[in-house]
Amino acid sequence: MEQLPFRQVLETAEKIRTMEVRGAGHIARAAAGALRDYALVLETKSLDEFNFEMKRAAEILLNTRPTAVSLSNATWMVMRYKADDLEDARKSIVSNANRFIEDSQRAVEIIGEIGSHRINDGDMVLTHCNSMAAISVISAAFRTGKDIQVIATESRPRNQGILTIGLLEELGVPTTFIVDSAVRSFMNDVDLVVVGADVVTANGSVVNKIGTAQIALIAHEARTSFMVAAETYKFSPKTILGEPVIIEERSPEEILPNVSRYKNIRVRNPAFDVTPYQYIDLICTEVGAISPVMSYLIIKEKLGWELGK
Amino acid sequence: MEQLPFRQVLETAEKIRTMEVRGAGHIARAAAGALRDYALVLETKSLDEFNFEMKRAAEILLNTRPTAVSLSNATWMVMRYKADDLEDARKSIVSNANRFIEDSQRAVEIIGEIGSHRINDGDMVLTHCNSMAAISVISAAFRTGKDIQVIATESRPRNQGILTIGLLEELGVPTTFIVDSAVRSFMNDVDLVVVGADVVTANGSVVNKIGTAQIALIAHEARTSFMVAAETYKFSPKTILGEPVIIEERSPEEILPNVSRYKNIRVRNPAFDVTPYQYIDLICTEVGAISPVMSYLIIKEKLGWELGK
Amino acid sequence: MEQLPFRQVLETAEKIRTMEVRGAGHIARAAAGALRDYALVLETKSLDEFNFEMKRAAEILLNTRPTAVSLSNATWMVMRYKADDLEDARKSIVSNANRFIEDSQRAVEIIGEIGSHRINDGDMVLTHCNSMAAISVISAAFRTGKDIQVIATESRPRNQGILTIGLLEELGVPTTFIVDSAVRSFMNDVDLVVVGADVVTANGSVVNKIGTAQIALIAHEARTSFMVAAETYKFSPKTILGEPVIIEERSPEEILPNVSRYKNIRVRNPAFDVTPYQYIDLICTEVGAISPVMSYLIIKEKLGWELGK
Amino acid sequence: MEQLPFRQVLETAEKIRTMEVRGAGHIARAAAGALRDYALVLETKSLDEFNFEMKRAAEILLNTRPTAVSLSNATWMVMRYKADDLEDARKSIVSNANRFIEDSQRAVEIIGEIGSHRINDGDMVLTHCNSMAAISVISAAFRTGKDIQVIATESRPRNQGILTIGLLEELGVPTTFIVDSAVRSFMNDVDLVVVGADVVTANGSVVNKIGTAQIALIAHEARTSFMVAAETYKFSPKTILGEPVIIEERSPEEILPNVSRYKNIRVRNPAFDVTPYQYIDLICTEVGAISPVMSYLIIKEKLGWELGK
Amino acid sequence: MEQLPFRQVLETAEKIRTMEVRGAGHIARAAAGALRDYALVLETKSLDEFNFEMKRAAEILLNTRPTAVSLSNATWMVMRYKADDLEDARKSIVSNANRFIEDSQRAVEIIGEIGSHRINDGDMVLTHCNSMAAISVISAAFRTGKDIQVIATESRPRNQGILTIGLLEELGVPTTFIVDSAVRSFMNDVDLVVVGADVVTANGSVVNKIGTAQIALIAHEARTSFMVAAETYKFSPKTILGEPVIIEERSPEEILPNVSRYKNIRVRNPAFDVTPYQYIDLICTEVGAISPVMSYLIIKEKLGWELGK
Amino acid sequence: MEQLPFRQVLETAEKIRTMEVRGAGHIARAAAGALRDYALVLETKSLDEFNFEMKRAAEILLNTRPTAVSLSNATWMVMRYKADDLEDARKSIVSNANRFIEDSQRAVEIIGEIGSHRINDGDMVLTHCNSMAAISVISAAFRTGKDIQVIATESRPRNQGILTIGLLEELGVPTTFIVDSAVRSFMNDVDLVVVGADVVTANGSVVNKIGTAQIALIAHEARTSFMVAAETYKFSPKTILGEPVIIEERSPEEILPNVSRYKNIRVRNPAFDVTPYQYIDLICTEVGAISPVMSYLIIKEKLGWELGK
């Protein structure tokens, strides 16, 4: 039977695998925390053994959702250490993990602060789905007294727009709710689109909730600014090596409950789409607001990856 | 108390007003039939009196839904007559009405035939909402043995896509069902978009189900052909005189059932949008397949209106 | 010495040549009036002689400004007659001339009425230079109580924007005045651009005040509607035969008073530019609002020219 | 054995079928001439028999190359007659045929005259393949003393560019010869592209030599004008009914002589492509220079077809 | 009373505030010089006191025009030092200041040299307003014997184009002078647009003289290259943190001297506009010619700022 | 007479000059090898003399083809050393040269691996000319069992497409062969374009075989991805300093064998064209797949150049 400390790693892994823990940020911080807690109590005879054990734990966590970029980034950043002795290693891991957790928790707030400068008094802002980073930008602008309005989309098939208008209702932001098909009808009155991101690739494309790419196209057609709000742990180092981002397909029943009755009909339900960088004016991260094509620099300077390494 | 024949006019008017009779074609044919039936039995002392009575009936019908272009076109086409005596007038109206009813009934079939030439073996066709004319194009191509596939959108908020896949299921056409937000994700695999129309304006813009305009934009971005299937009675002569097409807004509850609970949220629910002619490759009518900017010619040659008249 | 009636033709010709009479409408009506007055008093021995004399008069008028399309259209429309005897000819000319004069005078008003339907309550409208037809559209919308605002450009080098804001000041329309270079900075807030036209060609391109074409491009970039307000006598039949529209260059001194001091500098001062039809959503005439590519139909149906004739 | 006059119809049909007579103009005039000659000598007992015989001859000619639009137009135009007696019918056919032949022969010259107005002194004109109508435009401009230059493309796979530079060499027009792939490298220096057409469709798309569509796209990218020079008998009435234009594929050996040696390689050799009307500024015909979307009007006014007939 | 050395800081500050010293370069060098001169004579008891005094001086200078990016960059670059003792600090400041002054003075010349490679023999170059860096590019190309021509715009409302043609007249460069509205009419003959910059943001957008953005759009439409010539001290580090660039509005009287006479007219007079990076092909700096989206790298490598610092 | 070792440098130089050694990779490796071999045997009295001799050899090699970026990069990378003594210098050169040779040989393979991730099962890939790096991407995808097809262009005037289909035939990849003019006709069926590069500039533009730029434009029009496969030694550091890439013109006889017979015809035969970065989605190098505008970073991080150095 596994020792207690290791059992906690396994439990965290299980929670991530079963999606009891979900959402890019929660997953990342749970993994970082699990590694930190394991490092704190792990007793080994040598540094080598310590390193070996920690790697084993990291891999178990990574394998729960191998395509989740936040999980991979969290693990990578906690496990970046060079140590001369065991205690040194332990301290590095703990310190890495704590820094990652704190940084990622503060990121949404800083993104709100930086991004809010782009919203002017009197602006109409459109958002899609339910992104904490995007809402943080809106609420930061609203809190400073700017007279703004929001348009929120329904965001089929899971209707996360309902969550978004719930939050905006509480904040008191005047908001209009529309179906996804009505975006172009309202775009000429919109000054800025702000959305979140699930993954940002090395060449600046953004993977986000299905529908984001066509909203970006519609904004581009109308010369409306399009901003992505994304914590740096959403940036995917592996895309440098050409590794494609897998677009998950969800259950057909989300769209067509009785799909099995049909012989000739099948349902396609991709959860995300890819917005090309040409339609994105700015990606707002907690380390600054950058052109999307600068994404490699975030990967290099913040996550520590490099071309050809 | 009104005479019986006139009561039937009033009943038809009431059915149109209360939307018991609905859909552009049904409304148009009901009005034409009511005028014909009234003309058949109307007894007057003079041609002038006959004309006066018929005009009164026509106006009552028109006023039930003053912005319904099919109703206005039907009435206009039935009432276009010059007569030397009462019987001549009666005959003209009956003949006009019968021709309109027959033409409009056959139109969907002819449009299917003409439009189907644009679908090639192996094509993927995308359609939106639930247009009989558009489905006629698809089924005509399918019946001639072409190996085609269809993508149908959900078409929120009333989900008419469900009706469309029901029809395609029966026809046996292999069909994929997607949410409206997923259109851009599939567009690179689409060879042709076919949609219907509620109104075609004099300058070739098309008013159709909300979401049509952004699908047209997405097709344009991917160099995918975009065809509108529309009976000629959908063309609006009054737009020549600058009269704007009113975009109806439907009930908020279609989107957000409990809208009244929210203080800061309002719902906007436009039923239609306007697709600019620049994104439309072809409008397929029962008299031929034309460039959208030729719409004025349909209005002139088929409906008999003219510039400056 | 020429007879008195003919002297009046010559005097009108001289006034047009020396630009004492100027502006497309004034020139056209002056020429039509001169022909009418000459026809009224001209005494000849035969119909042939009458026709000959009238043609001579028409040519003298035409040659004063051979590239002025309104002059050419006015002359053409007055001189379209077929007559069996002299009095018949006289009557036709008088009637043609009176109709042209009345129609052209009412045209600006009707254009205002038709075009005003395109302006919605709350709209911001941008106009360039000083077009009576464009201002008629704005004032018709304003008079019906719509809450609108205008942006007027300076319109270098002759600063006709000053005339425009003078008229809008009197009408009481809230107006913002900007330099020509600032158009793009304000375009995202503009709902509709309305300008006039000097010439409309058979393929729908519009020749208008220098700067119009780049405003149309800027509107297109921002998905802002672009409408041209033009009387039908501005449409040029000769462009069907490929005849190019000559772009007049005005005096360098309008831009650089002391141009002769410079050895290496020359000034180019084209008075007009050509807006391609792709950037024009609508041309509003007194016979209706049409797609620009319908211009040939105006030339055919209203001016009476035909392909291959 | 068939009578002599009919044998001449058969011989002409055979020459068209075997491509001994080739080129849109030659085919059309040969068919018109054959029908005329047959009508001149055909002896029948009744008008009905005459009509029947003529129709038989027309169908034989039509069936030689059923997709050749010039053949179909020529036959159609010769056979449009209404006659009360046999001699009347004979005269109509002869007159129709002679007019078609004369008109089509003069068309290239008139197109040259009309189109040449679009070429200014100092212009660089690019042409593709070997179109007589396009070269007529160039030579008409050159003959009037305009200082122009031409860029001619090689036009693979049949290298018709060699024919073009042969003609331009004789005319003395300074010409640059380039491969098809170099068009974009030179486009910024080009003022006007002029090409011919094999078919013009009812919605203004142009079927022409493979490569034309991408040259049009390249011209559009660089804001260079793109003009098509096309006789009216190139316009296809049947496209109104949705009938697709079949793009002929020629022998693989034109591109890859030893194609049979390869197991995994196949050759595709479409002779034509379709240029969308959005990339065409003007179609220059012998009846005038029109916007491409006006093509239906050519079909209606010049060829006598109508919507819904 | 303040000591003499400090009074000189105050005097420089006053000259910057009152715009006696104006122009991005002059302001920057004046501030650097003032800090250097103050450092040279400042006597303090400790390094801490010295640092405190220098910071106070720097802040006084910065506050004169808090949005002037060159002033902020100059101050930042002079004050970047780490010192162990007072003399060390003094030396660092003097050396930083001298290097900044020399570098900024040579920058215009080096930009001319680098940028001139982009101008080919026979090119037509368009410039807007009166930028020394842009003119340096033109004159460097002209000096090497390239046969070039320039188009200069009037640049309303302050007509800086007059200054530009004065300089080009002296250099002997053949130049054409046009109004701002005529840019599109000449763009097809232009090979390269070169303009200066007031501010370059972290995502590569360029703030420059009003009108620049629409010239960039017009160049883009015609596939004409668009180059910005900008010294590195024009790049704004603070835009990384989302800080917006404030667009100054100048006096209405510059455009409409008697504005107060009007009740319904107001004047908007923004001095600058923002050109989006998508319309800029190259930014030429004294350290190299880069893609506009590389602007963050200039900010990082040359100005020493970093993401997240 | 020169010493033997130096004679080998001269011989290599001669082979490069006479194009006995050709192709970017072969040239680069030959030069690196020659420098290494010379360094191995060069006997001098001092480090200074050694350095002087090596520089002389490097310059001789560089001058054989001064515009060949791979030659310049190879020489630069071999000669980057700092040494305290002669043996140290010798070792550095040998080690630099060996690393360059190995890296460049493995680059094509790694590019194939990285790039192949972008090709999905069922994809149609278009390639132009005959690039080893592009074919490596295709064959890597094919080897992993993906069901792909290729379209290869003829690539006039030297018909390198024949070489490409020869290689694909051997690999067994189903391939379609077309003329360069047919690219747009097939683009709607293409999922990805992959081409090689001769030079990549600092701002991300790609110099490649004539025709590449128009294929990129055609791909852009149809929303088809466009990828460049390029080894890092193709990136040109000197373009940072504005140095233009010279586009070589080859012999007219390649296109028109008997060109001298013509008086008015000249041939232009540019070997390459420039694809603007806006049409390139990704550049795939052996160190990763990057946005084209990241090219400066390749130049900096891999080749060791820096802005302002």
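By written order: A, B, C, D, E and F. Residues from 1 in each chain.
Everything that follows uses one rule, which is that a residue touches a chain if its C-beta (ideal position, glycine included) is under 8 Å from a C-beta of that chain, and two chains touch if they have at least 3 such contacts.
Just so it is clear, the structure is predicted and the values come from calculations on it, not from any experiment.
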For this session: Please identify each chain that touches subunit C as well as subunit E.
Result: A, D
Problem set entry | Chain hops separating subunit E from subunit A, counting only touching neighbours | 1
Exercise. Is the contact between subunit A and subunit F built from the same residue numbers on each copy (over half shared) or from different ones (under half shared)?
Worked result: different
Exercise. Using the average of all C-alpha atoms in each chain as its centre, how far is it in Å between subunit B and subunit D?
Worked result: 38
Problem set entry | Distance between the centres, which are taken as Cα means, of subunit E and subunit B, whole angstrom | 59
Seminar exercise, completed: Cα centre of subunit A to Cα centre of subunit C, whole Å, reads 58
Exercise. Which subunit C residues touch at least two other chains?
Worked result: 221, 278, 293, 297
Exercise. Think of each chain as a node with edges to the chains it touches; is that a line, ring, star, complete or other?
Worked result: other
Exercise. Which pairs of chains touch one another in this structure?
Worked result: A-B, A-C, A-E, A-F, B-C, B-D, B-F, C-D, C-E, D-E, D-F, E-F
Problem set entry | For the subunit C and subunit A complex, residues of the former touching the latter | 187-188, 191, 221-224
Exercise. In the complex formed with subunit C, which residues of subunit D make contact?
Worked result: 113-118, 278, 281-282, 284-291, 293-294, 297-298, 301-302
Exercise. Taking the complex as given, what residues does subunit B use to touch subunit A?
Worked result: 154-157, 162, 165, 168-169, 172-186, 209-211, 213-214, 217-218, 221, 247, 255-256, 259, 262-270, 273
For this session: Provide the residue numbers of subunit B that touch subunit C in the complex, in ascending order.
Result: 202-204, 239-244, 276-278, 293, 295-297, 306-308
